[in-house]
Each structure stands twice: as structure tokens, then as C-alpha cells.
Amino acid sequence: MIDKRVASPAEAVADIPDGATVMIGGFGEAGSPIELIHALIDQGARNLTVVNNNTGSGEVGLAALIKAERVSRMICSYPRTANSTVFPELYGAGKVELDLVPQGTLAERIRAGGAGIPGFYTPTSVGTPLAEGKEHRDFDGREYVFERGLVADFTLIKCRTADPYGNLLFNKTARNFSPLMAMAGEVTIVQADEVVTAGGIDPECVVTPGIFVDRVVEVANPQQESDLVRRGVSYP
Amino acid sequence: MIDKRVASPAEAVADIPDGATVMIGGFGEAGSPIELIHALIDQGARNLTVVNNNTGSGEVGLAALIKAERVSRMICSYPRTANSTVFPELYGAGKVELDLVPQGTLAERIRAGGAGIPGFYTPTSVGTPLAEGKEHRDFDGREYVFERGLVADFTLIKCRTADPYGNLLFNKTARNFSPLMAMAGEVTIVQADEVVTAGGIDPECVVTPGIFVDRVVEVANPQQESDLVRRGVSYP
Amino acid sequence: MTAIGWTRDEMAERAARDIPDGSYVNLGIGIPELVASHVPEGRQLIYHTENGLLGMESLPEGAEGEPELINAGKKRVAAMRGAAYFHHADSFAMIRGGHLDLCVLGALQVSEKGDLANWSTGAPDAIPAVGGAMDLVAGVKRIVVITQHTTRDGEPKLVTECTYPLTAPGVVDRIYTDLAVIDVSDEGFKTVELAPGVDHAYVAERTGTHLINGIGP
Amino acid sequence: MTAIGWTRDEMAERAARDIPDGSYVNLGIGIPELVASHVPEGRQLIYHTENGLLGMESLPEGAEGEPELINAGKKRVAAMRGAAYFHHADSFAMIRGGHLDLCVLGALQVSEKGDLANWSTGAPDAIPAVGGAMDLVAGVKRIVVITQHTTRDGEPKLVTECTYPLTAPGVVDRIYTDLAVIDVSDEGFKTVELAPGVDHAYVAERTGTHLINGIGP
């Protein structure tokens, strides 16, 4: 009876408002929910805070969202990658803010947010500019910095297989941040290469249990960022 | 070439010294590594601090270890269960200390320990006797208590399937604390119902990656606590 | 059990009626477990057990079950099609992170501010045991209690201040007793519904603090 | 590249020789990646990539690979038999929790106290990007650096104090350059081995601080 499927990416992202914080899964192109991002561009929400490890490449997917000036703030660990020109340009022009977070701290902050942990201590970044101004504390003779949990209004992720309850399986290194972001999103929206019937996923192998998922949209044969970039596609 | 298999439970636990902190997997009997615990009893280490959700039942497994007065301190969430008489008796006689931790806090402390997080804040136990004397802190108008990560010198767990690298699959709700304790143990020792060759476990389904595992011993047809208790077995 | 008022199954049925379709629910041990048998036709609830299963089901009649497929009360259970297993940190991430919609628990005492005491009588010789109770009440979105209105000795369980050690302060939203359905409102306990044959005065007499009549005469 | 001293592959080979059988290793981008090609016969290392794979392998010659099976540098890779995939929080739990034995990284500068600068030149117009570098050096048990001994302009990379922003203070254990293998000892930089045809004075001249002769004349 429970069925989280929605008909289209457009329907799935229809209610994301201006000013929302949106976590977007993916590490580089692996796991990037291109179709959901493109639907979000079409939908028109502005002034978004986006959490992703990178800032997209070419002029598709996340890079296209940034190019359309819908993103006012990026929280990421690595805003420079091959074929990444959009973000550097807008950042240089002061049109988008950057909150740079070490990759493991970013992952842990997202997990903490999803797990109801408001904050934790980590050794990462101690003694570097990224720890400046942050609370420090000594435990057993080693220094740590305090970091806050991170949550989002919406999470957009891609997976290989979903069922109607929202149980998810991922594909290889396309898993990356997505299971964490599913936990941390108030509303988690998933595009799945395939949706199988309940029982079609082995309960021992479920990576993201359905409780973390709100909407599932099947996108068979999703576009791949590197293909689009190679073909010089610019969205929209 | 890497092969973490050892020949027997006795060999696997041979170097656990007096005074060690030992995490033992299992929730009630589900996932309890009975054969490893019995080998530890035979081995003779004393004055152990043991971390487990419960305190065992009957006079086998963890209960037998406690009965043999090898455990000076238990860290657990629920030291009372059906057929649990050994711990109450020794606790009443002042022969074993109890550190009572809420179940979710215990799980998160173990995960934190394994993940290099020295401490975190949680809402659990605020306003209760278990939060007394602990550091409190307000985040966004809600009160939290500070909890420390927890690590162990040795971890003993049971799983369904292992490979020579130490990749593990568990069985249903026998998974419980074991993957966390595998992370938090300086030396993690696993008894597996079966050991398959490398490649015999789907990389997408691995629950505990081999990096968290040091020794694997195959124990085909492991004993089940409830069977032993029903048969009135007392170990040794 | 009182001679008048709802039976245990009727209390569970009354609680089940309030649970929206599609809710993720954790049921405590005792009367709360009965809720699963009384979900109205046409609704599906998904049951979480904190020892690592989403999609728990009761064992089919006559089934023996498996020692490694158990619930938080360590009873053997089954898993539905579409279930998921996970470890304890993920399980309590669901709880603490506010992903569960409802937790149904038993109680020793509930205060008019919603304080819950359900893990310890504070007796000096008792061995303390808390399990996942404090995590559940701190994390789950809505906390409801099913309990007899009074103890076996006739002492009120709904009180001004809990005398037993708290599980958490200010967490209970609603209470289903054998006599009434009672909300913890900003003003205190307030009746939502009375069991057949019971009037407000009867319930108020058995309540250890002021009981607002939320229904009318 | 200097005319004398070790080539990139020789530096990688020299570093590989020091890695014990069975180590769990994370290799940074650049020369560190070459280490995997030079592991001595009879040893097996398991490679971790922070984007969620333990048991990474290079793509077989001529293979195209898959866009969703990549390494931290976003290059397509393969997975060995017995590999495991996991999410980013688990991946960095391995790193931060001290479960990796060795991390081999490039460097902009290393100080004689083991401070590492390898993520930013601090140029005001550069877009800062850190990735997983700070997590790796804070968490992995042993940190070694492979780098040319000097910059292209001949500036020393081994210095008294880093002028570039730090990745972490006091973390580097050993440095493999084209000229020498150098330990970060309690007393400062100390040679462990010199490249063929290079003497201590030659290396010391190209080092931005005191270099202890750990080998003898």
C-alpha cells in the first residue's frame, strides 16, 4: 500500500522553494542525479544553498544549476575539477558564496545531521586555516575542533535500484554521499535507474532503508555527465 | 595472499591480556559469539571490562564469563533479561561494576570510537539520572549531553559469512552492534559460520569491510545460547 | 484490570485508530505490542525494532522462528517483503534523527507536563536497565503511552510530578488508558475521549492531578 | 626534473619497497599513484579510495571503465575480487579512525617538524579546494610524501616552516624525493638513503633547512 513513487522528476521537485538548502548526491559525476537537477532548473527555485562534494562540470547538472544563478551558497570540499569553469567564474564575480569543508568532515556533518547529533569533535583541520575561529578542545592530549551536524530541506540523489518503500541500492562508487544525504534531508527525493517490487531487494543488502526516502522517480537510462560534457551540451 | 584466517577460537583469543577492554557483539543471543567467549573463558584472562548490550543468559557464553568472575566491569544498556541470573547475583555481591548506557548512546559511542570521533552531543538521557554530572549544552534551544567515543583492545563478534580479507556478512538481527564493534576494536576477532574465497561476497553487499577485521575463525554450526540454556548447560 | 473501561485489546485498538497510513512505528513491550493486531483495514504501518529491522512482522501462527531474527524484547519475529536489516548505529540514527513517526510505550508514571517514567522504579536494590527507552522518547516525532489508568494498588499513574526516575521530560503527547484517551496539552492533562460507561468525574478521581474536561459534559 | 637522482618511477619504487605486506594504503594523486605499479613481488597491498572503495585496482590495459567506478581523483578504476563499496561516512571512519596503515601524498612543502602543506598555495585569487587531504593526514597511521626535492624554480620544498597554508601540523613521517629518502625525526630532517650519484652536501644544499646526515660519510 505504501508507494513512494512519483511520475516524473518535475513532479518530484515541484515544491522546493526559493531559499531552500538542498543536498545533492554524487562525487564528481558518479551518482549525480542529473535528471532531478535539470528538473530543478526547469522548476525555477532560486537562492539555494547546495551541499555537494564538488561544483559540477561542463554546463550540465549541478554546473548548469550554478550557471543559471540559482545557487547563492555552495557547501563543498572540492570546488575545482576538470571541466569545472562555471563555479570559478561566478565565485570570482562574487555571485556565489563558498563554504569549504574537508571531505570527511562534510560526510560526518551530514551523517550527524541525519542521526540527530547536533555536533561532534574531529581532529581534521586542526592547525589549518579551516579551523580558524572554531571551538577547539583537548581530549587525551590531542586537539580537536568542534563541528556541527548538517541537515537539508531537500535531498536529491540517484541510485541503481529502488523499491516502492524507498529501499535503495547504489552502483559502485556512485554511492558516496547519497546514503548520508538521504538521512539528512527533511524530504529525500531519489531517481532510480530501476524500481522493483517490494521484496525485490534483499533485506540484508539494503543500503538506504526506506524510512529515509520520501519520493522515488524511475529514470531508466539516466544521462551521464561526462557524456554530456563531451558532447558540449549546455542545459537547458 | 592476505589471509586473516586462524585455526581455532583458542588461537584467535590467545593474546587477550588481563585488564583488557573487550567488546562482544550480540543483542541477547542474536549474534553472540559463544565459541569465542568460551575460548576466552578457557584462556583465563581476568579483570576484563566487557561491552555488550546485555549480560548474557543462563550459564553459557557471556553469562559464563561473568560467572567465572573474569569481568570486573560491564558497560551495557540492559543487564536484565529472561534467564539472566548470573550478573544480578554478582552485581548484588559487589563483584562486578556496572556502567549503564542508553542503547542508542552506547551504539553511537562505539561508532564514534571506531570513526576517530572523541565525543559528540546527544539529546538522549537529558533530564534523567543517567545525565547527572555530564556536560550539558544547548544547541538551537534544545539541551544535549556530551558523550565520549568508546574503543576496545579486542572485539569478539560472530557473523554468517566471511572471506579471507575479513569482509563480513551478518544474519538478520544478529548484525546489531557487531559492525560497530569491529570498527572500535584495536584487534577484531570474528567467528564466521562459513568462510568463502575472496570474491565470494558481493562488494555491494559487504557490511563490514575487511579493514576492520584482524582475525577470522570458521565455526560451522555454532551453538545457540537459547538451546544451551534450555538444555541446562553450564560452561565450562 | 478495572471491571469497567476498555480491555487491553480495546486500548490497543483505540491507539491504532489514531495512527496515519504509512507511519513508521516503534512499539514497546506489553500492551503496545497489541497495536499491530488492530490497525484499521486499508492502512499499512511499517514497524521498526531498534535491534536492526525495519519491516518487522509477527511470526505466523505456529511458526517457530529463528534465534537470530528477534525484536527488541528478544522475542522471535518475522520480516515483511521489503524489509531492511541494519546495524545499531543506523537503527538509532533513525530514532535519534527523528525519522520514526510514532513510538507507543508503556509507562510507570506520566506527569501533566508530559514527563515519562518507564524504565526504573528507583528501588535501591534493583539493577538498573534502560535499553533503548531514553533514545526512543528523545528522538521519535510523536510519543504515545498505553497504560492502565492506575497501578494494581489503585495508585494514579497520571501525576503532577513523576516520583520515579524520568525516561525523559516533556515528551508524551497522548495517553491511552483503560478509562480514557488523554492529551498532554499546554494546560495539562485533557480528556479526548472516555471509555463507554465512564464519566469525567470517574476518570478525574483516579488521576493524580487536575484533569481538564476536553469533551464537555 | 633534475638530471641526476631518481626518476618518478624510481621514487615510487623506493617508496613501495618500504610498505609491509598486507597494508591498507591510500595513494594521493600524481607520483603517489605510481606506487601501486612497483610493489615488490610477493606482497599484497589493499588500496582505499576515499570515495568509497576498498580494493581498488587500475583499469586493465585498454579497458574503458565505467563512469560510476572512479577513484578520488575522478579517474576510472577497477575493483579487485574481495573488494567492498561503502558510503562516505564509513570511508572517512576508516581514515579518521586510524584504520589505514599508510597514506602516500604529494606536497607543496614539508617542514622539519613534519608540517605538511599540500592543498593550497594561499594565492588570493585561487579558489580554495581541500578534498580529503586534511582528513587523511589527520587520521592515517603513517604519512609519507613523494615529491621532487625542489620546485621547478629550484626552491626547496623541505623547509623550516611552511609558508603555504597547512594541511596539518606534525604529520609527515618520511619523504621520498628524487634525491633522497628523508625521515622527519625528533631532531628534524635526517637522510635515510641517497639517490645514486648524489652526496649529502648536494641534497643539503637543496634543502631549505638543516639536514641531518643519517647515513654517515
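Read from first to last, the chains carry the letters A, B, C and D; within each, the first residue is number 1.
Definition applied: contacts are C-beta pairs under 8 Å (C-beta built on N, C-alpha and C of every residue); 3 or more make two chains touch, one makes a residue touch a chain.
Note that the structure is predicted; figures quoted are calculated from it, not measured.
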Winner on C-beta contact pairs when B-C is weighed against B-D: B-C
Distance from subunit D to subunit A - Cα centre to Cα centre, in angstrom: 29
Whole-Å separation of chain centres (CA-atom averages), subunit A against subunit B: 34
Of all residues in subunit D, the ones touching two or more other chains: 79, 85-86, 89, 92, 95-96, 139
Sequence positions of subunit A contacting 2 or more other chains: 108, 111, 115-117, 122-123, 170, 172, 204, 207
Inter-chain touch pairs (all): A-B, A-C, A-D, B-C, B-D
Contacting residues of subunit D [partner subunit B, same complex]: 21-22, 24, 42-44, 46, 48, 54-55, 79-86, 89-90, 92-100, 139
Touching residues on subunit A, where the partner in the complex is subunit D: 27-31, 77-82, 87-88, 91-92, 98, 100-108, 110-111, 122-130, 170-180, 207, 224-227
Residue ranges of subunit C touching subunit B (in the complex, touch as defined): 49-53, 66-71, 74, 79, 85-89, 91-92, 95-96, 115, 120, 125, 127-135, 138-139, 165-170
Sites on subunit A touched by subunit B in the complex: 108, 112, 115-123, 139-140, 142, 144, 148, 169-170, 172, 202, 204-205, 207
Residue ranges of subunit B in contact with subunit D within the complex: 1-2, 111, 113-117, 163-165, 167, 183, 198-199, 201, 203-204, 206, 209-212
